[in-house]
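Chain nomenclature is as follows: A, B, C, D and E, assigned in order of appearance, with residue numbering initiated at 1 for each chain independently.
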Amino acid sequence: MGVVDPRPLLAPLISFACAGLVFAAGRNAFWRRFWSLSAAAVKLALVLSMLPGTLRGVVYTFDVVAFTPGIGIAFRADAYGMFFALVSSTLWTLTTIYAIGYMRGEPDRSRFFGFFALCVSTTVGVAFAENLLTFFLFYETLTICTYPLVVHAETPEALRAGRVYLTYTLIGGGFVLLGSVMAFDAAGTLTLAQPGILPADAGGATLATIFAALIVGFGVKAAIMPLHGWLPLAMVAPTPVSALLHAVAVVKVGAFGVTRVIYNVFGVELLQDLGFATPLAWLAAFTILAGSAIALTQDHLKRRLAYSTISQLSYIVLGAALLTPFAATAAILHVAHQAFAKITMFFVVGAIQRTTGKTRVSELAGIGARMPWSMAAFTIAALSFVGVPLFAGFVTKWYLSLGALQAGAGVFVGVMLVSSLLNAAYWFPIVHLAYFRRADGGDEGVHEAPPLLLVPILICAAYVLLLGLTTQVPGMPFSVAQVAVERAFAVPAVVP
Amino acid sequence: MKGWALALVVVVAATLAIGVQGLPTHDAPEAPIHDHVGARYVERGVEETGMRNLVGAVLLNYRGFDTMVEVVVIFTALAAVLALPRAGSVADAPEALPVSPVVLFVVRLLAPFIALFAIALLFRGHVSPGGGFQAGALFGALFVALGLVLGRRGAARLVPERARPWLQAAAPLTFAAVAALGWALTGSFLGFPQAPELHAVREAMALALEVAIAVGGGVILGSLFQTMEA
Amino acid sequence: MAPFGVDLDYVAVAALFCIGLYMLVAKSNLLKKLLGLNVMETSVFAFIVTSGMVEGGDPPLLVAGAQPPFASPIPQAMVLTGIVVVVSVTAVALSLIVQIYAHYGTLEVDELKERP
Amino acid sequence: MSVAWEQLLPWAVALPFVGAALTPVLAARSPRWTGPWAWGVVLATVAVTVGLVAHVAEAGAFTYAIGGWSGAYGIELRFDRFAAWVLPLSLLFAVIVPFSWRYVVVSLEPARWGAFYALLLLVMGGMIGFSITGDLFNLFVFMEVTSLSSYALVAVGGRGVAAWAALKYLFLGAVASLLALLGTALLFVLTGSLNLADVAARLGPDVARGPVLIAFAALVTSFLVKAAVFPLHVWLPDAHAIAPSPVSAVLSGLVVKTGIVGLVRVVQLFHAADAVPLAGFHLALAWLGAVSIVMGAFLAIFQDDLKLMLAYSTISNVGYIVLGFGLAAPYAAVGASVHVVNHALIKTTLFLAAGALIHQTGFRTLSDLRGVARAMPQTAAVMAIGAVSIVGLPPTAGFLCKWYIALGAFEADRAPFGFALVFGALFIFVYYIRMVNALYFQAPVHARVAEATEVPWSMRAPLLLLAASCLVLGLLGGAPLAFVEPAVAGVLPVGGP
Amino acid sequence: MSDLFDAVMLALLLATALAVARARDLVAAVVLFSMYGLTLCLVWQHRGAPDVAITEAAVGAGVTTVLFLIAVARTRREERR
């Protein structure tokens, strides 16, 4: 059921306008904060206002301009897009509050918040893109807008990281463009509104090239190994940026792109016939394990988080590549689960860095006593990642395993298990250090993060818990994900 | 450097040698060049343009637009040279290049005749070889020669300062004026009226163009020379 | 003129073209290069004028006593235009050359390439 | 009452020429007024071209017989949808001329103001004439007006170095013109006609192939030199980098396009005549284009001089256009035609912005200009918008053109060119990122850069206008493509997309 | 007779052109170029193109030569090597 409605267009426009106003605000801190916060709130409200409709199965569409038949800029808020938009606009609100606290006293804050808003604008644009062209438009704009955030410090290290980031993502963008052009040539349309547009008779080599180009193109941002090289380096960015990069903006857009390619460009049926998804699934499995294994060896907190992200993202890719409804549910849900859990961790790490100046795992002894609330939030996120039942991560792993069995690939259940073990192996030492060791310098008393940092942390952690506990409650992300899966597979997903 | 230059020349020569093979023999009256457009000009040129010198007819009438652009090209050359930074200050330049007395004498002697010849070319151009361009070139050559004799300042006095920009622009401006007149009279840009009662107008238009080309061309050539010398 | 089936005029024109081209590319002196360019240009003019001629033809002057066949007037008009164009280009080129000499003190290309 | 716009066709050329002829006259009395005068002339020309484009949109291509001599017997002007690019062309002049006022006042002595503006008007008139004429020899003469004034404009700014760059440009340009004349002469000898359409009709199968091929090769080479397609680009970088910035904008954005227009006209002619193996030619053209894209971009990466970088980028952008025509696929050709205008606009924006930076700081290399964005935020923003546009990121117009060209590559089953195009775009991205990086994210090394002030309004207003146009042209989206489509469909073996 | 005249003229044309190419002294080269132009002008006069001949004599051989001579006078006379 399609309804023409400007809201899918307005959602990215709000952040875009906000960026303009923030730039215009210049050094005036009040207006900068005012615009950032109010735009975040308005946008969240706007996206939420579409939620009831989406749950009823309504799809909001809005065509902006059609250059020629089949090529144009158009927006469409389907269930999956709504899911992603909800995650990103919620987190934008939280991250904005956090960033206002975190960035206090930093130079060039207007530039920072302006591009921050632009990033979110493009992320929502990606979520609501009706066709691959619009998708590509925002995908590339996102690259441009994150660059100033990555190099914000303007140190040689930051500039180098920015260069690497650009090199990777731009080449990825090139592949996306290539795949899009070829897909248009083969299909005559680029719409993402159908379960697959490519005709089966387009020729095996052509289809393989399109698949490879698009997966590589999106895989760069999704940090599928071996395309992940930029991500650990990009850690030089200020922590709110890392949080945003890892949780919603960049990597998630890549993963979102991969799933769009699988469900909407190729379609499940065609991919099952072609068998292209199997190697992708293996690659994802490899990334899950290798990412975790490397994370285990990292002492620098943010780098450990980075490799964890690489690993976690491939859950989404794996879920999509398994081509079964359960796996798809897991993939979509993990978009939210990983986002909230990971952003919690980043917020905490940032808070630790701001409050105590510590950046390494080995320095964290006794931190649990000093920052009890923050570390509690961290622990919740860690438990979620490990996949302890009742936490959000468990839901993902459960459905992913079901999906793997559904697909007749039980080996991936093993991958899940090993990955959980590895997750435990690199998160629990931190928790252990924080709570059960004394700091070398003796007890320094409670020294919690300032409220502007703490409040978002706690909200995010609470949400992680909520996601795990309320799976069956209507209106929560799970139900949205189910609507999305039903559309992709054209069958009602069975709730076990 | 020399090596590849030679190679390039050999390649071009070979190409031209092959190309020349297929060309129509140039002296043959049945060559395409003589039968299509050319034939019509020979047949009806005099009647259509009122000029017995068909080269002039083509230049001023049939392909007058080319000629208009061409006078713009000379004007462009002048603007180009004037726009360049001066090589040195005027004070450094010698008043005139050293010239032998014999040359000076010959130039003085010939100058009036060159002028006369140029004027003859100009006004007899429609019936005999010659016309605006040739006259202009001769005027230009005359300016150059006089410049050698009279020195820069002397030559500069030949064309009054205030009139000079107008004279330099004379050819393009006259062309535009004639084109506009033709537009008004015949409805087409640069059209020459063909009605018998307007023959006098047609001839006046052609003459105006010839004179403008001669004067404008001559002045510009002379100015080019002076600017270069300065 | 075409003894042995070879059109000598065209051959001469092609030869002139090549001589000019050689001067343009092989000579290092800017003025010689410019002379070469002029030789090339005139060779093309010669080609155009020659192509418009006709065996035993008169100039295209339709005065009393003139007999057909006539040489074609179009090539001649083209060349008249062309000559003026070439002299314009030459004048500009010479002005530039004078400037270059005033600044660098040389007209040899290989020396100019070494200067900043 | 409807205005007979087609009657104004010759005036689109005559107006700038008359204006140019009167400029030195005016300059002799009052040099200060030459700039406004030139602007007035440009605006009048814009008005005429607007009418012409409106007419062509309504009534289709039309011809105008100069002096009433129709067909091959005189000179025929022809205005089609492809020639409609004279409207954006004159519009760009309407922006460049006011931008140049400040430059002229600061850098040239009053005695040269008149000649400078006369040359600008002559370039414009020459290009308009070149684009609208339907006669081979007339094409050559207009080409000479354009070229000759371009040579001089390169040398206007400086003494020795500029003169040397201009002379190199002149030598190659003169050889190119000579080749065009040779090709014209050969075609004339073979057919007895100079009218493009008439020549095409008369190049029947009984005409000897050898000379036809040489004529074709001479004309094509000539226009490839003028368009600065690699490896015939050697004259371009120095000339475009050394010229004063308003002139660089004219040369890089507009004058190289005469080569493209000429190429299109020649291909139109020979396609109609069916006299040469165009399939092989198109393939060669596509290769040249692809190599130009990659080499131009590659060389640009290593430039530190801002304007030199922009000059190399012109080579690679011309490569896109040539590739687009070489693919001989409707999509690609439409994309290439629009990219002619598109690149003109963007490159003008970039060169003028670069000029503004250089004008205010006195530095011209990226390493010297570091961090200038803090002192000159508006100019730097214009530069950044230009960069985004030229890279071809959506939603700028550059994107759509490249998209169409790439689509054409796949449509013509020439996927490797599609790959070359996409990854050439990445190269381009690299050096523009380098540029933006230096302007925005590095600390100033010179006090003069850190303390620079924004350009005066006479320069800033044109810059902002251009930047806005870059964005608007993108939002227009498919309209320009749809506009030229009928013109391009006629050049190609197959129908439009 | 006419053929002979033409042949001689063509030979002279080629000879002067080669001489221009070979001359080291730039003044000599320019003067030879002027001769080349005049020869060309004779050919054209003889072959039915008097208009072109006059123009070539005045512009090609005349004005161009003088412009070249001025340029030589303002730069240097000898070609290097």
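What we mean here is this: contacts are C-beta pairs under 8 Å (C-beta built on N, C-alpha and C of every residue); 3 or more make two chains touch, one makes a residue touch a chain.
Owing to the predicted nature of the structure, the values given are computational and were not obtained by experimental measurement.
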item: Contact-graph separation of subunit A and subunit B, given in steps at minimum; value: 2
item: Each chain counted as touching subunit A and subunit E at once; value: none
item: Farthest chain relative to subunit E (centres taken as mean CA coordinates); value: A
item: Comparison of B-D and C-D by number of C-beta pairs in contact, larger one; value: B-D
item: Chain whose Cα mean lies nearest the overall Cα mean; value: D
item: Furthest chain, CA centroid comparison against subunit D; value: A
item: Subunit B-subunit C separation of Cα centroids, rounded to whole Å; value: 16
item: Between subunit E and subunit B, distance of the C-alpha-averaged centres to the nearest whole Å; value: 19
item: Whole-Å gap separating subunit A and subunit D, where each centre is the average of the chain's CA atoms; value: 44
item: Length of the line joining the C-alpha centres of subunit C and subunit E, rounded to whole Å; value: 10
item: Where subunit C touches two or more other chains at once, by residue number; value: 1, 9, 15, 22, 28, 50-54, 57, 59-61, 70, 74-76, 78, 80-81, 84-85, 87-89, 91-92, 94, 96-99, 102
item: Set of subunit E residues in contact with two or more other chains; value: 50-52, 55, 59, 63, 67, 70-71, 74
item: Multi-chain contact residues (two or more partners), subunit A; value: none
item: All touching chain pairs, where touch follows the definition stated at the start; value: A-D, B-C, B-D, B-E, C-D, C-E
item: Contact set on subunit E toward subunit C in their complex; value: 3, 6-7, 10, 13-14, 17-18, 20-21, 26, 29-30, 33, 36-37, 40, 43-44, 47-52, 55-56, 59-60, 63-64, 67-68, 70-72, 74-76, 79-81
item: Subunit D contact footprint on subunit B (complex, rising order); value: 15-16, 18-24, 26, 31-38, 40, 61-66, 68-70, 72-73, 75-77, 79-85, 162, 164-166, 168-169, 172-173, 176, 179, 182, 186-192
item: List of subunit E residues in touch with subunit B within their complex; value: 50-55, 58-59, 62-63, 66-67, 70-71, 73-74
item: Contact set on subunit A toward subunit D in their complex; value: 65-68, 71-73, 133, 136-137, 140-141, 144, 147-148, 151, 154, 159, 162, 166-167, 170-171, 173-175, 177-178, 181-182, 184-185, 209
item: Of subunit D, residues touching subunit C in the complex; value: 137, 141, 144, 148, 151-152, 155, 159-161, 163-164, 166-167, 170-171, 174-175, 177-178, 181-182, 185, 188-189, 194
